[in-house]
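What follows is a short report on a single structure.
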């Protein structure tokens, strides 16, 4: 049994940071946790996460040399542009960096800079392991810099990789994706995220191109050998959490068999042989539901549902930590819930 | 000016019946209204539609010979299988029948009976006019039996007709459609419509085939000359009302121009030259929002948003009544609202 | 028939401004409308109120001398501190000022300044008419400066005035009040108004004292002769709109009779003799629902429900305009709606 | 360490049954679980609780002699009238009965029968232990028949007992209570629980008297010595879960001190010294948040918030099982969550 891990969470005050806190504060192999938040420095963590009273007893700290000093693992639940500035210092002192932001996802620096602006640590990109857990386990076991996939990317990649890998996709894929509002973060610079705007509403957005697209293309190419053309349109759901992907795939094989075979024995992937995925089936869990149905005209509908904050973010990040440190992959992630 | 119309609403106790009531009780050319509901017979209408106090003063009546006697127009906001039994008697005494149920939508009796069971008045099908108002005005002016389109059908047809009519659709169309819960009606035989099931949820349904599909194919063929192959997948939104269609169309022309030209000067159709449709922009109005955006790979995203209970049901039915009786088409339909 | 009114709306970009726009743009006696918004100046109004396309055709204007020049009526749907700076100039050129902000509600300048800070036009307070329409008609007919009640205040005053006026309230009143999120305005300086925070949530707030309290006390004293002690606790509902008041009144008389008698023949006040108020019965209408039920121990429950943006703000403001200009009181306000 | 408990859940298909399942299927001291549901007999449990895949592997069983045979504990998450018919047989074979229905809550048979109809096992009432865990521990340790409190009752009793026990309540208490929709159960006999009825809605109900009232009076009398007069008005919130109580208590002492002292060191009761309870802080946990604030006029506002399905039902039931079997009281109940 390894000794307890010392963990630091950067960006602990956001939605993903809160989920990381909830998972890690009761993780059997995690010891002390340092919560870093520039905006809430000095305030008790429990004040901002009242559901975790009894589990969290410390205060948020400002980023400083001290907090960089001694962790076994550092999670970044920060906006893009933060992890890239701190990763090198952490790696130098043997802290494993698990980044949930986009900073280290893309291998092609030009593509990164098109979507996100200048990268300050491009020299680290080659060693970053893209952490789609179920596809990346061998590399994750020795990774010191793990780039966790985006929430849309996780769902779409898990749905498409088995089909593309089988060489069965004939033509353009269309991905109609829907996400709950927490996917946009806990931000106050947009009125469209207000309750009064979003209740009883639904809309498409970013139809001119979403920055998850190049990430998806790179990952499917990496894990399935090539990437068919894909159109990807995100929509905003009037829910706090949850993500639902309806992919329309021109396919010459049985999608259910391909999915079931590819993800056989995966603890967190349910390939449904009956019924259809629903967001309420997966929210507040680390599970993904996948299903497939043939439609007229040689097209197969492939559906993926997951919780954008868990399997799409904090849950997968902890899953990656477990793989990296040789722990049971579901440790701290198997909490049941219903309704 | 014609004298005031006598109107009967069958199925007045459901969601669509309530919307018809709201529109007709303040319509300047509507006089007495008879509200028919088997389940609520004898009860005051205002008790069940408290927002309409002051506008509705009568009681629900059971269906009887009396209520069939003297109307100029009869609306059916009933489940399938009701209008087909009463239409003939009403037509015989010169009552115009405006049916919002599926009973008279399909011309092919075999297709109807596949989805809905036996039809008791197939001899009336030839004279029924399919009431997609903007495309059907000439026939509507003399129609005595009007079959109003379904809610999904209205949105999809208004989005596709201009593109198909221009001969510009090359291949399979994929329609990813989403509807609010009221689309399923005010029913208590399904637990999945309960608030506690649907809040914070989202799911696909009827992926093996939806009964609106043959209606859509027939209508596009009628108004656009032919029908390309189409896959249509409906989803259930956690909203009371609103319907959103994201159609993926392989197109060799500029969709915005086609939509704008085809629907030029239409009062209730907004072809957006800026921004994207949102459900909250159209709920509680009779308006449709359309928009188009080219995606990679020769595919165009065409979006349609409308209120399933208004433009998708009661609003379009009243619009059809206005056309039929030579009234201004927006009479009683132009009520403004915001937020 | 008077000639059409020229209207200016200050603060047209907020929730209340949008409701005012919706009501006024189809009001039969309103002509040109000037929309003032500092933040949206130069942008088309319809872009920000897509449900009103066809009804609004102009652009937002910055506040300037020009927009002050020629209106018959100016509405202020602005935060506190704006109307007080412009009212005098408008009154000087015979523009009737209808203020929906708190600036002119309180007669006691000390109380105003305790809650809101310095008042720049205290000399105007004496002539301001407090616009609880049903109680204030005589004064409203000649008012040039109308201070519209707050949303909580409207509901509570309509519930309490008949009981207090009858001399039947014996002791402390407790008011447990709940409001939808739009009551806080379209603001981005608070994370607690985000959809992801508010869905599936409920909470009390401002329990140390709410600034509507002195307004309520002043108004009940004005219209009912005196004011019993009252404790008032507001709560935030996970709805966009709607306001619900449960008042617990130690009463020695029959509340239903008192309410029914006091508000007899009021078009917008429904005193229910059967059933209980619901928010969904009144949202998107200018109606108030009132009901009363005796509880054990000599306490009567009095309930009031209304739409905070309509009867609690924009609707009552237009009602006041109608009274002031001798128009039918429900002109532009009777639009029916259901569901 | 005791051997693993064999558990039977009657009424496993409802909302409370699902929560019991979620808690018990990962409880470290629970072994085999039998799921009883008349309506779903023969179907896999995981089909109806997809979030629990991997945790539940059996099928629902019809109630039969077999399922009565061998449990250490039987939970009843059934409507009233079911547990009373089976309790005796279970007790005879040494199965501990933990009833979440009202069947064994009231000691006075006349009061029970006024609200619920005939009781078929009145002879068992004297031995039933009312399971408000924090107040009932000594009796629970030897109880074979445990009657778990209702959800409203749990919140109100935890808020009032410390104040009443201190002899500090002077007069009538007013309790304004609000519950999410799941409190009404997973039923299809009421249209008012449909999503389309409840979203954006709020209403009072049962104002003529709620059947939790006599239970509350009995419990406060039992645990605090006497019961002051109380008026209790429930309301329905547009949330799936959560319960919020605003109690207005005429009090001559400091409520915060009384609460904090009375519930000192209670793991699941948070007496807030800062901030106010929110439903989102406690949903999906077994925690209660309490807070108190003095209002004008000698009245103190006491707020309680909890999850109606957990601390108000399944959570407290498992807590009672833990106490009864000498297990750590929070075993299986400490799962953290956020957002």
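We just call them A, B, C and D in the order they show up, numbering each chain from 1.
As a working rule, a contact is a pair of C-beta atoms (placed from the backbone, for glycine too) under 8 Å apart; a residue touches a chain by one contact, two chains touch by 3 or more.
The shown structure was predicted, so the numbers you read here are calculated from the model rather than taken from an experiment.
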C-D compared against A-C, more contacting pairs: C-D
Copies chain A and chain B touch via same or different residues, half shared test: same
Interchain centroid distance [CA atoms averaged], chain A/chain C, Å: 45
Distance between the centres, which are taken as Cα means, of chain D and chain C, whole angstrom: 40
For chain A, residues contacting two or more additional chains: 15, 180, 182, 196-197, 199-200, 238-241, 278, 280, 283, 339
Residue ranges of chain A touching chain C (in the complex, touch as defined): 15, 180-182, 186, 188-191, 193-200, 238-241
Interface residues, chain C side, partner chain D - complex: 172, 174, 176, 178, 180, 196-197, 199-205, 207-208, 229-231, 233, 235, 237-242, 244, 246, 248, 276-280, 283, 293, 295-297, 299, 301, 303, 339
Contacting residues of chain D [partner chain A, same complex]: 15, 18-19, 21-23, 25-26, 47, 49-55, 182, 199-200, 240-241, 267, 270, 274-275, 278, 280-285, 287, 289, 309, 334-339
